[in-house]
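Some structures to go through are shown next.
Both complexes shown next keep chain A, but they swap its partner, so chain B is in the first and chain C is in the second.
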Partner chain A sequence: MSDPVSALNGAEFHGLIDVADAGLTGMITLRGNLGAAKAKKAVKAVTGTAVPAVGEVLGSGETATAWMSPDELLLIVPYAEVAQRVAKAETALAGEHAMVVDVSDARAVLTVTGSDAREVMAKLCPVDLSPAAFGKGDFRRTRMAQIPAALWMTESDQFTVICFRSVADYAFALLKVAAQPGSAVGAF
Partner chain B sequence: MSHRLPDLGRLIDRSKRIGFRFNGAPLAGHPGDTLASALLANDRMMVGRSFKYHRPRGVVASGAEEPNALVNMGEGPGFEPNQRATTTELFDGLTARSQNHWPSLEFDVGAVNTYLSRFLPAGFYYKMFMYPRAFWKHVYEPFIRQSAGLGQAPKDRDRDTYEHFYAFTDVLVIGGGVAGLQAAHSAAQSGARVLVLEQTAHWGGRAPVDGGSFGGAPAEEAVEQLLEELRQMDNVTLRSRTMGAGVYDHGYVLGYERLTDHLPLAKGPRHRLWRIRAAQIVTATGAIERPLSFAGNDVPGVMLASAMRDYAVNYGVAAGKRIVVATNNDDAYRTAICLKEAGVEVARILDARSRGGGALMEEARALGIRIDCGRAIGKVSGGKRVAKVMICAQDGAGGALEEVACDAVAMSGGWSPVVHLWSHCGGKLLWDDQQALFRPDPDRPPTGADGAGFVRAAGAANGHAGLDAILSDATAAGRAAAKAAGFKPKRTAAPRGESTEEQPLEPVWLMPREAEPHLRAKSWLDFQNDVKVSDVQLAAREGFESVEHTKRYTTLGMATDQGKLSNINGLAILSDALGQPIPATGTTTFRPPYTPISMGAIAGEARGDVFQPLRKTPMHEWHEQQGADWEPVGHWRRPYAFPRAGERVHDAVEREVKNTRQAVGLLDASTLGKILVKGPHAGRFLDMLYTNMMSTLKPGRCRYGLMCSENGFLIDDGVVARIDEDTFLCHTTTGGADRIHAMMEEWLQTEWWDWKVYVANLTEQFAQVAVVGPKARELLNSLGGMDLSAEALPFMAWADGQIGGFDCRVYRISFSGELSFEIAVRAGQGLAFWEALMQAGETFGVMPYGTEALHIMRAEKGFIMIGDETDGTVIPQDLGLDWAISKKKDDYLGKRAQERPHMTDPNRWKLVGLETLDGSVLPDGAYAVAPGRNANGQRNTQGRVTSTYHSPTLGKGIAMGLVLNGPDRMGEVLEFLGTDDKTFKARIVDPVFYDKEGEKQNV
Partner chain C sequence: MLLIHCPYCDDTLPELEFAYAGEAHIARPADPSKLSDEEWRDFLFIRTNVKGVHAERWRHIHGCGRFFNALRDTVSDRFLTTYKAGEARPDVQTLEAAE
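Entry: the complex of A and B
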């Protein structure tokens, strides 16, 4: 048995901004009635946060909860602990109609860092990423050029971006193009 | 001759000279010049040939409205045709070539067309090329292809890059003239986010040229002050060289930013397309001067009066040494005054108004310029350059009163507000009789989702003239836009503007008013498409009453400039010919973009590596290293085959099939859809989605199922595994994963919203490997782990366990007819698992196989393939899959549709196997002919080939097809048509060619 590898396997790029593979990240999809007491308990048990509001991400770093849709959350946990935390959620949700499933390997996670990070992302995502409209704690499911993506800010100059695993190379190449020298927009 | 003046030229840096080339000739200009101003400074008045008659043409305008000065810019990978010289900023090393002439600009063979012009009237092409019919292909089209077209198509790959940028703002101001800046200032004081777009490199619009003052300072200085204040405001973003290209629904606006057109050596993208969402929009797009329609108004040297003034003030360039001005308004006097003061001789001002103008006329007269009122230009003479002007009475037919020699003519027929952006999304116009112009109707703006207007026009674009009126209109527009965007505007007074009072213009649509036919036939309306007054009048006589029809019949306004100069004059002529007022004729439709934008900007980053997303499985790179021959499947690339060094792809496929049948093969099946369906109603849900019964499936077991659309047609198939009482995993086709997942969500969110089911698309969570062949079990056992015996894991069962230390789920399913295990591991271990199988398989003769081997093996077994046997018109019953359609269920998607008469028609073509008599391979898609011919004289058909291969296992061609009453005609021989008159004889046989009893997969 060999250790799992992330889709981008540690790739990095340094340009107008820095793009890096965030490495193996534990991700759990939780679907259910998010208003139910058991769902709240399950989220608390897995990530220690409350149930986030629309467009919100709670928690930080390796452990967070993001709002995906009216009946879906994304629970972010250390990769090595996914199975154990899935079990925790399932225990908390016993008897409740819900779905808890490991999606860690289905996705790639990248970090985009630098003073121009907002502008680089705004070249690819139809989201208002100006500092007035988007900051830490905001979470958005959107598209990045031609692929679905989700993003949030982990620092004032850093985004974490999630896309599907199969298009990780495309996402990485896309960010490289958007961060080419001489392409700063100067809008934010 | 046109020349550089000793003074003026506020935009150029006279201390520096830069070199450029036009038609190969080395020329010089100054930084700050446009290509047009630099050409004029070098006395290059003639810059191209017209589209239809190849008449010499010169620069007419100074901005985006220019119809004539279009050039081929650059070389090789930087080449681009149809670039407007008037909006091209000069840079060192620029190269440009003029267009639409042969062999040279000075001597052009096509110019003979001008002598034929009386034979080339409006609609000539429509009338001429109808008959004889055969001439179109062999005579007319080759001739037209040879002659038509302004610019050349680029031959090389574009060397530049492009990008998009998504911007959001409360108030978007389009236009950075005085009105735009003032509107932005007024809106920004409310705290609203304001974005201002200006298409040129400079702010202030016409004000610095036209003079006047506001805020207590001369216009140029006042603009700088206003700009400085805006730059200090955090909520204001100013973008020059960015054109507002189009306004669309929901406040969506495209901005076209030109970043390095003027800096060809700079790094970074050439153009950036701004994709803007604005809550409110202010269009402060100014106005464009109208030409006058007189004979010879297209001779190089005839120019818009405002353009002539722009060249003098902005670039220090005079269009001639001796100038005649023709006008119907006061504004053109500014040009005469400006040129006179710059030392240029102004031979005459011809004012079509019988009483002339006001204060500006007096000023001109005081400078000693001769002014003739009630006079018009009867005709301009000159070939490649204005030589003289014949003067006549405006109220007449063109009888010459006098000839005046001159080398340039400034013309002004009044001003038309730029209403394009107001109109793009449905804003209506009203006709202002006083000023003879169409302006935005404030009561009928483009409306948003709430029914309220989201666009306001301001300043000259709103039909205002004079700085004071423009400033107060812009202040009000900015304030109203901020308020409509949800902000509290501040009540600050508009700055007072001062400009010289003007007398009203007198509409002049034809000069002279009763111009004779030979003059009207030389009075150009549309310079770029060569449309004259006589053409529009002819169209009216021939019954083209709608302005839209006249436009298309005459091509008026259909060129790349979209009639910025010609439209109003043209529809005034049409109205006159039809004897109706101008508003009754109306305008043609304004469509984005305002001026052409580059294809590169539209594509943005999507080229080269990132033209389209390429989906890759965890084993993709391994396949690549093995030299896989790829097949696109959706956005995935799957190995078609793994040819070895020197091996042909076809031979590789044969080898892969044989090896899998005889030993063991590996298939990367990761792309197959894997959708988790969970909930107390999951079984009920799947019973509705699949034609067969899924709710009776036992946990631990698998079942093949079919999915149909509501119309009964087969759309997907795959194996469903029941994980536990509440949970199923549905395998879909590779191409079906996303759409089937979406379809499941749609049914659950819309029709069956009260069913307790959740779905999740886990396609990419797992890498899946099919281990296939008689030695598959041995290979897996050699890695050690779970019990894979037929007893522990029978056919159509699944189990979780470990193989070689990898956590996995193993499905005993087979799409090849061989002993087969499909094994799913987490994607992050997919490559390692694959490599472990390859390594352990060496002693068993393992080989990877691609999609073609997969296809052949399934065809040998008579298994259908979605997309081959189905094409959106095929139902499962056509394919002999009645066994997979439950008779016990009340309903499933497609059930009722399949009961309709056409679906139960016994004459539907049905699936059979086909075997050529000589063992050859049938062509894919070939039709089986039937006796007789149809109404179109084509041979009747009775079937077609859906899949066809050479079977390495059987050593002959095998195929499947849909045939009329096929299953009842076993043994019959049909004739199939190939290309090149070839025919193939094939016998109808059972579609299962290999291991009919299914013994091999069940061991």
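Entry: the complex of A and C
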């Protein structure tokens, strides 16, 4: 089998803040009735968290569960364990009208780290990213300039950003421009 | 920029995240083959095009992805309310009385 490679293949940029390829990340889409007992069991089995509320992400770093829509969750797991965790979810959901799909290779994941990380993201996304409005535990799907993106804070000075794999270069280029040295606004 | 309330995310968010999706509450005929050409044309193409309060579909395309309905005044561009797909069209008088 060939070796899997992330879209940005380890790319990094150091400017106002650091932009980096987060590398291979396991991502599983779970769709179905999120209130069902079996769905709760499946989430517990895959990431160990409860079912998140609207706009919420539970867990941390490598293993997390994010609210995507009223019937969709994103389960983030270590890349090497995706197949076995998909199987766990399918077992838990047996007999339930639900869908579990490995979307790891359809997406790209980046990290944006630094004291001005909020500001860099706020230049690109129509989201109130002030500390009072957005913090750890919040998950937001939105657009980043011309592309759909999802973001949340994995540390107090770090965002993790997910976009489609086909636009990974565009996303990286955008973040580089927004993080040019000397481009601080001091908004937050 | 317009701010639109997504009834699924329960948040008021910038228009940039949304897409317009035509007039609301147009039910597809249960048996299209029973319709005359004129009735089928009306279903496909004829819209009310109101000047004033219009019930229309929107989609939170760069968010939760859901379709929902809105009452928007086409003269002022003001959103009176938004509501989930499948819910009945709210009464304008009741809404205005509540304001």
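Brief remarks follow.
We adopt the following convention: the second predicted complex is superposed on the first by the 188 of 188 C-alpha atoms of A that agree within 3 Å, B and C clash if a C-alpha of one lies under 4 Å from a C-alpha of the other, contacts with A are read in each partner's own complex, and residues count from 1 in each chain.
Keep this in mind: a contact is a pair of C-beta atoms (placed from the backbone, for glycine too) under 8 Å apart; a residue touches a chain by one contact, two chains touch by 3 or more.
Because the structure is predicted, anything quoted here is derived from the model rather than measured.
Once the two complexes are overlaid on the shared chain, A:Pro70 sits against chain C while remaining clear of chain B.
Within the superposed three-chain model, A:Arg141 lies in touch with chain C and out of touch with chain B [touch as defined at top]. Number of chain A residues touched is higher for B, counting chain B against chain C.
Touch criterion met: A:Pro126 reaches chain B and chain C at once. In the superposed pair of complexes, A:Lys40 makes contact with neither chain B nor chain C.
Once the two complexes are laid over each other on the shared chain, residue contacts for A:Val54 go to chain C alone; chain B is not touched. Residues 126 of chain A lie in contact with chain B in one complex and with chain C in the other. Those residues of chain A that touch chain C in the complex are listed here as 54-55, 68-70, 72, 126, 141-143, 148. Looking at the complex, you find that chain B touches chain A at residues 161, 163-168, 193, 237, 239, 260, 266-269, 272, 275, 277, 604-606, 609-610, 612-618, 635-636, 676, 678-680, 756, 758, 760, 762-766, 804-806, 826-829, 831-832. Only residues 1-2, 4-7, 24, 29, 31-32, 71, 97-99, 101-107, 119, 122-130, 132-133, 145-147, 164-170, 173-174, 177-178, 180-183, 185, 187 of chain A touch chain B when the two sit together in their complex. Against chain A, in their complex, chain C makes its touches with residues 1, 8-11, 13-14, 16-17, 61-66.
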